[in-house]
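These notes open a run of structures that come right after.
Presented sequentially are two complexes of chain A, the first with chain B as partner and the second with chain C.
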Partner chain A sequence: MSAFLEVKNLSVVFPTEDGRVQAVDSLSFSVEKGKTLGIVGESGSGKSVTSLSILGLQKGTRAEVTGEIWVDGTEIVSANEDEVRKLRGKSMAMIFQDALAALHPYYTVGHQIAEAYLVHNKVSKKQALARAVEMLDRVGIPEPHKRINDYPHQFSGGMRQRAMIAMALSCNPSLLIADEPTTALDVTVQAQILELLRDLQKEFGTAIILITHDLGVVAETADDILLMYAGKQIEYGTVRDVLQIPQHPYAWGLLTSIPRLTGDPNLPLTAIQGTPPSLISVPSGCAFNPRCNYVDQVGTLCASSVPDLLPIAQGQSHYVRCHMNPALRESIFTTQVRPHL
Partner chain B sequence: MSQNSKVGNDSGEEIILSVSGLTKHFPGAKTSFFGKHEIVQAVDGVSFDVAAGESLGLVGESGCGKSTTGRLITRLLEPTAGTVVFDGQDISKLNNSELRPIRSDLQMIFQDPYASLNPRHTVGTIVSTPFKINKVVPEGGVKKRVQEILEIVGLNPEHYNRYPHEFSGGQRQRIGIARALALRPKLIVADEPVSALDVSIQAQIINLMKDLQKDFGLTFIFIAHDLAVVRHFAQRVAVMYLGNIVEIADRDTLYSSPKHPYTKALLSAVPEADPDAVGARERIRLTGDVPNPINPPSGCRFRTRCWKAQDICASSAPALLQIGQTQVACHFPE
Partner chain C sequence: MLKYTLRRIVSGTLVLGIVSAIVFSIFYILPADPARLACGKSCTPELVQRIQVALELDQPLAVQYGRFIKGIFVGRTYLANTDAARTCSAPCLGYSYQTDLPVRQLLMDRLPATLSIAVGASILWLLIGLSSGIISALRRGTWIDRTSQGFALAAASLQIYFVGLILQFIFVDKLAWLPMPGYSSPFEYPLDWAKQMVLPWVTLAFLLSAIYSRLTRSGMIETMGEDFVRTARAKGLSSRDVNIKHVLRAAMTPIVTVFGLDLGSLLGGAVITEYVFNIPGLGKLATEAVSNLDLPVVTGTVLFAAFFIITANIVVDLLYSVLDPKVRLT
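The block that comes next holds the complex of A and B.
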């Protein structure tokens, strides 16, 4: 295993009363230390389920997880609960979207940060609290020695997010999963939090998985992008490749449908038609085909067979899952997509 | 007030809404058991005009008072002070029965398409309720008219008898738009109409609202926190901070040469989906959070986070003054 985190053919299925929900379908990716992978997709595309699987949080639930997840040499899918618990918090940690829901309202912020540190390290309570003060200071909360005695409701939204980051990083995890860490925050506070994550990553060499629907946030923080649609990865590559020479019609749709600060506001936005599919009845073939503008030009293949995830050219590290042949894709991209980027 | 607030309007245009000194104070928690209520100054002395057929964007971060302003204009809330002159009539002090005839001209689109539709009512009932309340019988009957409206907003008229849970978020927002549109209002206040929707759906709804504005000559007040979305929809933009308007200008002026430090910081904080723009743009990082509206800072309310703040900023609140094409409330504008 060269990469710090390696996911191979990960699939997650939830058996439900209405049928089997394939939330994640044969996902493969890797993240190196000190690098950030952005997982982008709309609601229901399987982003959050992927992150919960990496943390082993679906053990003991009805979810059927298959495939391999290697974190620092340990395989998570086949590991038992105790083994994963030892890794969780120490080697890998998570920050959530809603800090108010993720923090316990009953305990002080200091207590909650110290608890994680106590569990994984042989230290006294006093040392653990000292660590909590140190971490709060590190994430930029003023007067941390006083604030450790505050309860979560006494913190503002941005401060709560900082406290949660402090908690997640208190044991110096090598892998941090951030699930929509700034979605609930205002733009000026979002900018502060993203900068903080970048600084901490530089300092500790943490590998970060950033889950978001905001392409702007990814552009500013991630090294690689994994684009998901209906549980499958449909495009995967470096930030520069995916945002500047996107290959999948869904990526084209997303990138041209967002209003930009530099675009012409008098032109209508090029919206993607239709709505994301329900995971119970995923369209046959390519899941995006009912919403795709180019199905007619590709043929019947789109509705009948699932395209493979292939490099866009020999030896390239930019992958796409689409039946369109490279020449057609190139010409559509140059004539119809690039002018809108 | 109204003479200096027509920035971006040709003076010949008809002013459909004129807001002056609009203020809303909410009672907060009590200071002690026998004490008084603290006062949350949600909106404090907001003034602006809106011309017929234009769309005004209200932007700002959470707690800046933009939603409260929208609810005061549609009179879902009663102002503490100030006037709202809509179509020549001051509606700020009208009671509910006096407001009823005006409501058909003044509609609202809400943020959450899941919470704003009654789950026990069919789409037909939801969109035809405005006709029933106002006792309006359109030509050809209510049902026919409702089905026409459903078609206009891009829904299948045959879905008349379906319930909200059978629709996706984007479709529900279309139902909310259909309801707002039912009585052909003059002014629609749209409060974060796309922020609860997936990115690929947002563009559909923005395009729909723009088309409706063009086709029906609607006037919009578009409230949003997303600066790129507002830029795409509104011709004129007002930036709010802690209950005050800090800057109003037409779109191009505001986005290309912001005068207020807060506007500048806000614009520079927007993440852009372009790897080349990252690092190329000037970055202004504000420190700290928005202060508590119970105890707003003295003088200029932005001064605690402003890098230009001087002594005068703490002692006197800057007035909203005309500078070039812009109205800005700052002692040291750009």
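The block that comes next holds the complex of A and C.
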């Protein structure tokens, strides 16, 4: 069975005055119905650009998108705007990070949800508003028949994010892309929203792409993880594999940076040295090499050539982009990394 | 909302009071004597004094101003207790020094011409300015955008007295397609009215539509980058719906504000336009009154203009709360 969403060799380039910015570089992944893929990476690693490409929202902009994106049998990259528009909101929907900015300030929440439903369904405005009430109720907003007449600024942050989810799910999309849906929310509300997404996924069998820079969120909700760095995927596999036996030094760095409650409170927090590269001047070879602690292990290879994305062993579905061989990685992981986890 | 409106009306009235006081004071400290000017060539000191008494210019400033304010609210009687006494009923703005006609009547006579110019021109500039601005924003960077914005920049840099006279020279003097601009009653001679108004409308709209075009374009382009526009597209709305219902709707608010204020100040008298085309409107009345030191008429026109501007401000603020749900009037 082929997956609901299949991305093959996706690349996105922005021509700018300072040069060509390769925001996404030959990305490949797939998501099945009812499953969740977590895309993790630092700011500027290409997470959001990827999600916008899937929705075809870069059509008509200067972004150059290449590769293939198959959504339910339709190839998005080569399709025209009208074909993709019919899928947007209906087969695939998106929840944005900052719900206050992502909702129109001059329309009521009910109107905006009803609008999303009206585009793809031949119903009256009244029926669409009834649907909005139903959806707000489903995402846990009290007194939804009253709250549909509120404007976004009259909602709290958590409620706005719920309203966004209600809007995205109003047409029962098979694919939901959630771009850092909980970043702006406090921890308790964050947990509620994630649980809501999980419940809705169980109920409707939605495929979800969860974009985040929070490994904790991914560990809790995702089935697969895609780790991105400077526009490239550097590790890809099931949550179990990637979090139990992480392969890439960047993944090691991320995991050892998580503060432990059992750790010595007097020690400084562990961090990955350096800063993420600018996409205009990406380091040659492996983009992570200037920050990698193990760059000397394979001679000068890291700075000179880009490693391929390879399965860690024959027939495995756990991929990594690193020059070190599996045996070397395993020995470093067991002796130097695992003791700190 | 009601409380807010009432408060604004009260404060607006106070502003009108201050405006009239300032106009009065300026005239009082002016070295020229209106009585002397009204007296004419064969003038004697006695005659000047009689005129001063008749115009109540012999009274102190505070008394003159007090009587003026009283006249507005309850009416007043000039030269009371004499044979020449005459009563001016409220709202009394006095009599012109020049023509001896009631100022209120002068204002009402001149209002229709100004109203014709302001309403006609504003419809024209809104139509041209908004549509060219929208097209420019949607076709940003294309030759259509560059042409229309280049044209707008040039038009906004030109002046009414230049464009007006050029147009008049071409269409009235050379081609004779239009009659000399002026004012006829739109109810009695609608065709003449329209023909005479064409040039003032086009001239004013020429300048202002350029400003509105640039305003609309920049507002729409700014809004297009907003997250909520991306959301609208992600819903699967057609680009037409996205541009009209989401982009334009958000970009409209500042345009409505500017339009209200422009219309308000224009209603007080399109001074330059009326002067250039010799149209008997409020602006022309005001300029004539100033050069004749006709204090009651000057005060009347200034107050009238201030009234329109203040009203426009209040209306715009009220409208703002309708347009932007985040604005709550308290």
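One rule holds for everything that comes next: the second predicted complex is superposed on the first by the 331 of 341 C-alpha atoms of A that agree within 3 Å, B and C clash if a C-alpha of one lies under 4 Å from a C-alpha of the other, contacts with A are read in each partner's own complex, and residues count from 1 in each chain.
The working rule: a contact is a pair of C-beta atoms (placed from the backbone, for glycine too) under 8 Å apart; a residue touches a chain by one contact, two chains touch by 3 or more.
What you are looking at is a predicted structure, and each value in this text was computed from that prediction instead of being measured.
Partners chain B and chain C fit side by side in the overlay (superposition on chain A). Using the contact criterion defined above for the overlaid structures, shared-chain residue A:Ala63 touches neither chain B nor chain C, since it reaches no partner. Touch criterion met: A:Gly158 reaches chain B, while chain C stays clear of it. In the superposed model, A:Arg85 lies in contact with chain C only, and not with chain B.
Looking at the shared chain after the overlay, A:Met135 reaches neither chain B nor chain C. Among chain B and chain C, the chain that touches a larger number of residues in chain A is B. Judged by the touch definition given at the top, the superposed model places A:Val217 against chain B, while chain C stays out of reach.
Looking at the shared chain after the overlay, A:Ala271 reaches chain B, while chain C stays out of its contact range.
Once the two complexes are overlaid on the shared chain, A:Val77 sits clear of chain B and of chain C alike.
After superposing the two complexes on their shared chain, the closest approach between C-alpha atoms of chain B and chain C is 5 Å. Those residues of chain B that touch chain A in the complex are listed here as 61-62, 168, 170-171, 198-204, 206-207, 210, 225, 227-229, 231-233, 251, 255, 265-267, 269-278, 283, 285-287, 289-290.
Residues of chain A touching chain B in their complex: 42-43, 156-159, 186-192, 194-195, 213-220, 239-240, 243-244, 253-255, 257-263, 265, 268-273, 275-276, 341. Of all residues in chain A, those touching chain C in their complex are 55, 57, 81, 85-90, 93-94, 96, 98, 101-106, 115-116, 119-120, 151, 153, 164, 167. Chain C contributes residues 226-228, 230-239, 246, 249-250, 323-326 to its touches with chain A in the complex.
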